[in-house]
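Some notes on the structure that comes next.
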Amino acid sequence: MPVLTYLWILPLLPLLGAAVNGIFGRSWNKSIVSAVSLSSTTLAFIAAVELVREFMALPADQIPWTRTYFPWISAGGFRADFALQVDQLTVVMLLVVTGVGWLIHIYSTGYMHDDPGYYRFFSYLNLFMFFMLLLVLAANYLVMFVGWEGVGLCSYLLIGFFFLKQSATNAGNKAFWVNRIGDFGFILGVLLIFRTFGTLDFATVLPKAAAMPAEPVGQSGVLTTIALLLFVGAAGKSAQLPLYVWLPDAMEGPTPVSALIHAATMVTAGVYMVARSHAIFLNAPFAMQVVAFVGCVTALFAATIGLVQTDIKKVLAYSTVSQLGYMFLACGVGAFSAGVFHLMTHAFFKGLLFLAAGSVIHAMGGEQDMRKMGGLRKKIPWTFWTMLMATLAIAGTPGFSGFFSKDEILLAAQRVNTPLWALGVLTAGLTSFYMFRLLFLTFFGAQRFDEHHVHVHESPRSMLMPLVVLAILAVGGGWMAAPLLWGKANYFAEFLSPIFVANQEAPAAAAESAGGAGLLQALLGAPVIAGLVGFFFAWWFYIRSPETPRKLAASLAALYKLLYGKYFIDELYAAAIVRPLVWISDNILWHVVDEGVIDGTVNGVARVSRESGDRLRQASTGNIRTYAAWILMGVVVFTSLLLWMVG
Amino acid sequence: MTPQIAVFLVLAAMAVAGAVNLILQRHPIHSALSLIVVMVALAGLYLLQGAEFIAAVQIIVYGGAIMVLFVFVIMLLNAGEEERTNLSRMARYVGVPLGVVFLLEVAYWIGRATSHMAQSSPQAVSTRELSTLLFREYVFPFELTSFLILIAILGALVLARREDSD
Amino acid sequence: MLPPLQDLYRIAPEIVLGAFGMLVMFLAPIIPKSRHGVLSAISLVGAALALAATRFTALYPGAAYSGLFRADAFSLFVHLIVIGVAFLAILGSTNYLKREDLDAGEFCALILFATAGMGVMAGAQELLTGFIGLEMSSIASYILASYRREAPKSNEAAMKYFLLGSFATAFFLYGIALVYGATGTTHLDLMGQAGAQTSATLLKMGLGLIFVGLAFKVAAAPFQLWTPDVYEGAPAPVTAMLSTGPKAAAFALALRILANVDAAGPLWFWALWAVAVMSMFAGNLGAIVQTNLKRMLAYSSIAHAGYILVALAAAAATDHPEAGIAAALFYLVSYALVKLGAFLIVAHLGGVGERNVEIEDFTGLARRQPAMAACLSLFLLSLLGLPVLAGFLGKFYVFNAALESNLIWLAILLALNSVIGAYYYLRVMVAMYMREPSKPIATEPVPWTLAVVLWITAAGTIYAGLFPTRIIGFAAKAAVNMR
Amino acid sequence: MQQTFILTVLTFLPVAGTLALLLLRSDDHLWIRRLALITAVAEFAISLLLLRGFEAGATGYQFEEFRAWIPQPPIHYHLGVDGLSLFLVLLTTLLTPLSILASWKSIDQRAKGFFISLLVLETGVIGVFVSLDLFLFFLFWEVMLIPMYFLIGIWGHERRIYAALKFVLYTMFGSILMLVAILWLYRITATAGYPTFDVAQIQMMLSNGTLTMPLRTEMLLFGAFFLAFAIKVPLFPLHTWLPDAHTEAPTAGSVMLAGVLLKMGTYGMLRFCLPLFPEASRRFAPEIAVLAIIGIIYGALVAMVQVDLKRLVAYSSVSHLGFVVLGIFAFHAISIQGAVYQMLSHGISTGALFLGVGMLYDRRHTHLIKEFGGLATPMPVIAALYLFACFASAGLPMLNGFVGEFLILAGTFQKHAAWASWAALGVIFSAVYLLWSYQRVFFGSITQDKNGALPDADWRERGILFLMAAVILWMGIGSTFITRRTEAATQTIMQLMQRPRAYDAGGSNNMDHPAMPVNGANAAASGGVANLVNSK
Amino acid sequence: MVPTSYYLVLSAVLFGLGVVAFVFKRNIITIFMSIELMLNAVNLAFVAFSRALGQLQGQVFVFFVIVVAAAEAAVGLAIIIVIARNRGTLDVERVDSLKH
């Protein structure tokens, strides 16, 4: 079992690639750089596949398979080892990360071909792979946090990849900062875990947490606190309300980055973390409610913004936020495996969407505004067809991967909380609308660009191959969870069942309500219908009568403006938090408190000393009679004191 | 009132008047003369207490030598009337009142503290006894005073010498 | 009837100093002015012999001249300070005198006489003897202060010093008279025993006035106002001597009284406390605003008088004054070394007529004369109380004494004052090291005599700072054997 | 115990180097630099021997040297290291050669004085860390001020004189009160019959109850010690000397100042405040923690809005050192370990930042952020490594800053969750100010022509930065190498903190077993002087 | 018999007048004379105490004081002459170039 035994190989491969490219890549030509980078990811993917093979053969009592390498931090009773572990959840994530990562690496060789920072890009990308693998392989919260922060770092680096652009570096900073706010919660959660359980190892913490009594809603217990704190971290990383603001801006990065990091893998780390900590969450029902609520509201909220955006990547970004909301909704209602499943399918279709969008942008020579596209269907057929597959998948078309995962989530939501379900369905309709809007605006209708200036061309094969592979996955990837519909085993859920063993209420509930199969069908139908409605409106608005949207926008000007302005959340944050903070720091803390009060006191003491010194020296008038008077004063005072006071 | 007290009072009045006059006179030569009056009065008081030798020294050294020196210097420097400058407010408004306070305070306390002191009768002290004491017990300071005089001479030499003397 | 021979041994240093003073005085008119170096050399020999003669006092400790004078470890210690100061002052001023075209003969003679007077003060066991010693040193000092007689500032300094000094002396003397009236004696040891016939009021007032006289001499506030004027106006080598020797002697006399007269401790304690605090603040705050280095150092010596007075207060506050006395003695040594060196450097760098004594004139000294700058920095840092230098240990012992007597507030005030002091000492270093000179100043080569003095003082400062054992041990011994 | 001299050698080797430097002609800059570097490197090599000989896990001091120095009051030349000081010494010996290298070209005026000051500074700092006698400690503590004063005042920038004076006076204000406290403590030991300045001995006497003091006294003494250390750290609101000193100091000065001098304050707290005055420490801990937390957040916020890059890093030090103080006064083994670690890692990462800023200064002679912009294009290597240092400073896991911060937070959280939560806010802000300034300096297009042609790091600079990066990474991953060695010292501090309250009467029955042979142990409190005379 | 306290009070008064004169007068010579007045007052006190205590020492002290006064006078007048020469004034308030 070479890979399981030498588990460190898996993260090390991309790290090596990153290091080699980072140090030497500047002077190498691009083919060597891409060879290094690709070979490291390819090997990582192969290793991951081999790992899965080996893992399948492991006896159940050896799962999770843990490898401890060296004590990383150890002081005064605290100990965190550098340890990796593999279990079913890890395996799923590993495949997603290495697989999608690998494809996107291939895609990037084409996409980034003309960029002068080629080596840098691949170095960062490989580094990202390393941290992402560390994140999913971690055997304790601290190593997980390493990956967690590491991917944040890479996200920062890659968003700001075009560092000559002010907006790109702004976006990078914003991403890192907002993530840090999340990390604040995460770190506190980890600290509380340590305080509660005395360790950070999953293998100890999670069973202990599971063994603790569930904390009733309305009574804040330690698990609830932990869960909420962890969720703050997750919300930061996975762009949930109110910390989602960085993700749309993150589209400043190169498109493969958006695909890999800001759609397929990194942003799902929050979901992964919540799923990983499910034992804690399950015993904290209030936290579960919060997660579900936040997820659901985020899903709807982001979808409404996505309705009116004109930047092709922005639409996808808000869509990502929305879909992540679904995943949290799943976790919040206890359907962790459904959440993870949606995570996986989302990685396929959203990755594909971004890559395809990248292909479109590539074809349009960098143009991202959909209003300046149109009619591209014929010119870039491969892109169109793959993108269509992805759109169908995300819209929840029956048979496509998104259908299975989304419906499973909504099903679970319905069991717990009907309003959430309703909102989910509504979101599904909105999703369908904006995705088809995107497709129609881009590929259908009249060409709204000047062909003399823009030479539209299909992307090179290195970019198309990943599109095709992902399209296949987007279409077929859902079937492994499909059979639940027909009463058979859900392979995916079953595979993960050892992990979420504490979470068997959901299937149990399913069994209970098996009688109401008709109701079930009806419920499952709802999202499909919503999707159709969305499709219809999109068709109506953008194919049938393209004038309608403008009229509608005019008649609902306020709402349109609100949505187009993304609810002005960024502006709100800027006005309510950022600018006051900077203003206070600058004008109050620095200039008033620091320079005025504290330094003023210090300099004031100096000035008082100087001035009293000046006074004192005025006593020294040079006139001897004055001096005599002073002496006399001393004499009188001392003799009087001696005579009257002392003795 | 015994005659001694009467003499004392006369001499004391003389001394005080001289001292006050010293202050009030504006020409230094007048002040010097007032001071001589004080000294003479004091010499009388010494006699009254039987300190004949001291009285003699007082007249000879103080009145005769030191004050002559003063007068000589005043004449030499042609010192005129004191100017009425009052540059030191400190001295005028603090110093002088404090001086008066000091005077009263010391006089009061000393008067109070010594009122019980024994009144030994005035017995003439023989100069012999005095010189025995001076040259036996106090020979060391006595020798030191010779150095003091030497220093004074040296000082006068150094300071008053004209620049073109060498 | 001659006094026993031992008595002569006990005043051997004074005899040597007086004899050489007279010798130089008589030789001065004979030897042509161009060869006045010889006179300095003879005076140096005299000072050196006087230092050697202190050995006699060590060999024959005890009271001399019917108890008027006392040779003991304490007087030996102070003798070593004042004679050492004289030696270094004479050596360090030879070039100055030549430069300023002043007679070396009288100068040296006066220093030797003054030193003899200080020696008498150090050993005085009787108030009047102390008074005569005080007058010897004072009158010589008045003359020395006016030694650049054509310089108006020098005369003015002398006049102020003379008039105020005499004024204070009169108080001192009146105090002696009252103490005499109160106790019937002027012998310190007898005074300590005198009990019955003591008139409390007279004694209090007398000791109070004596205190005033001594406080004036050591330049303690509020009797300090003369100090900056005199130190500024007097020729710099004289200032070097004035700020060290007479001060040490006056402190010695104060310590004698404190150690011997039981009544003095409790009576003086509050006065010492208040005067110490006032001196520290007056000196340090006043020094901050000075632009003239000489004047600044004068203010600093007021502050240092305050520090030593803290030690005195510590001695006065307890029945075991040894720690305080030892601290004061150690401090005097460290202070004398440093102040002497600093003023002599000023004397040299001031140039002809002492025109360049503003702090401004020291800008860029580190470039022009790095060794001088380093030396002056060393002295300033010692005054500041930086460890490894004598000044630090001086302060350390003073702190220790103050705390031993539970004078915590005084210690804290002293601490605060050290910080204020640091400011102006460092300002001089700023000028020397960190600023560019504002006007061109000619560099004079350092004469070897001054170099020797600076080497001695600098080395002494470091030695006393690193290995204080012998000095503090000696000081402790002196403190113990005082009565 | 085997008598070694390694600590003496380590302490005074730089001074020996300066003596050699004095012999060189002052315009022979090349050899002055070389000699200084050789001295510093040799020093570092010797300090590695120290590391090799150090016995991890052993309690007490190692490499002890003990000699009588001044008999009255009894002062000893007592040196020794434990885990606490070991790495601080190493940090010093590491940063000094780097500072010398960093000054290789930028100091072309009065180079001799500069390197002499730097080496004397090293002696002072090492002396502080290895002294086990309070007097000796204070001596080094004060001595180190002067070279730093010169470094800032002579080779600094525009307002250097103001900054230098402010630095010295601020520090002196605190330390002189500490001197009073040291002496007071000595009086207490003398009253107890065992007059001594020896830290180890006082600790022992306190722990076995030989020495007792009233709570009021303890609190006053604590206050005096703490004030001195808090100024040095610097703790809010005593920090305002720091931005000025840092901004005006030359690169080497800033590196040494931030790298090691600030640690003297926190070291003092650990070495003296906690073990000597545990009860007072406990009583004041909440107030101190609040100040530390204010410092963390306040420092970060003020750093955020700075327009001067060096000032920004300076304020970040206020923030980071706030963490250390918080960790110390949380009184938890983990947080104290974290504090020790954070001291070291702050030295490295902030040192690296200052080195980077210094390189920018060498090229443009300004620290103002607005003068830069887009520097990543002409100088990618410096940009990359500076970013690395930024992330280290921001506490990214697997880099050094994280370990310390996390341990501090973890330990503090065990006892005071609220403190830790507030402090953790600093994690957010540190990312804000560091990355924002980085963006303005290095990212974007070049806005000023002068910046376009700036050369990238040369080999010397690369060496410095890569070395720092390597240390950063190593400390981020191999933290147990250090924590294993600091563990015992931390435990000792915790134990000393636990001692029975000395003023609970009845604790002083251990008089038969004085802690250690004391010179003149039977000297009575006030008869000390007399005793000395008799012994002569 | 004249009580000792009379002499002493007189001495105190004279001393005090000397003090007042020192502060009040402006001519350097007169100021110096006020010092002589103070010394005389001290002498009176010494003699009075000497008589009261039945000792001779007090008178010896007076002798010394007179010698000291003489020495002071010599030096003081020399200084005054130098001042007058260099400044042309004896007003003490005009001799104030050293200040602050």
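Each chain carries a letter (A, B, C, D and E) given by its place in the written order, and its residues are counted from 1.
Methods note: contacts are C-beta pairs under 8 Å (C-beta built on N, C-alpha and C of every residue); 3 or more make two chains touch, one makes a residue touch a chain.
Nothing here was measured: the structure is a model prediction, and the numbers come from that model.
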{"item": "Any chain that touches chain E and chain B", "value": "A, C"}
{"item": "Centroid comparison with chain A (C-alpha atoms), farthest chain", "value": "B"}
{"item": "Chain whose Cα centroid lies nearest the overall Cα centroid", "value": "D"}
{"item": "Chain pair, A-C or A-B, that carries the greater number of C-beta contacts", "value": "A-C"}
{"item": "Separation of mean Cα positions, chain C and chain B [Å, integer]", "value": "30"}
{"item": "Where chain B and chain D are represented by their mean Cα positions, the distance between them in whole Å", "value": "69"}
{"item": "Chain D and chain E: spacing of chain centres that average the CA atoms, whole Å", "value": "63"}
{"item": "Centre-to-centre distance between chain D and chain A (centres being mean Cα positions), rounded to whole Å", "value": "39"}
{"item": "For chain D, residues contacting two or more additional chains", "value": "169"}
{"item": "Chain C residues counted as touching two or more neighbouring chains", "value": "128, 132, 135, 139, 142-143, 146, 149-150, 158-160, 163, 167, 178, 181, 200-201, 205, 228-229, 423"}
{"item": "Sequence positions of chain B contacting 2 or more other chains", "value": "87-88, 91, 95, 98-99, 102, 106, 109-110, 114, 138, 141, 145, 148, 151-152, 155, 158-159"}
{"item": "Inter-chain touch pairs (all)", "value": "A-B, A-C, A-D, A-E, B-C, B-E, C-D, C-E"}
{"item": "Complex interface listing, chain C residues touching chain A", "value": "159-160, 163-164, 167-168, 171, 200-201, 204-205, 207-209, 211-212, 215-216, 222-223, 225-226, 228-229, 266-267, 270-271, 281-282, 284-290, 420, 423"}
{"item": "Of all residues in chain C, those that touch chain E in their complex", "value": "128, 131-132, 135, 139, 142-143, 146, 149-150, 152-153, 155-160, 162-163, 166-167, 170, 173-174, 176-178, 180-181, 184-186, 228-230, 232-233"}
{"item": "Residues on chain A engaged by chain B in the complex (per definition of touch)", "value": "619, 621, 623, 625-626, 628-630, 632-633, 635-636, 639-640, 643"}
{"item": "Residues of chain A defined as touching chain D within the complex", "value": "26, 70-78, 82, 142, 145-146, 149-150, 153, 156, 160, 163-166, 169-170, 172-173, 176-177, 180-181, 183-184, 187-188, 191-192, 194-195, 581-582, 584-586, 589-590, 593-594, 597-599, 602, 606"}
{"item": "Chain A contact footprint on chain B (complex, rising order)", "value": "87-88, 90-91, 94-95, 98-99, 101-102, 105-106, 109"}
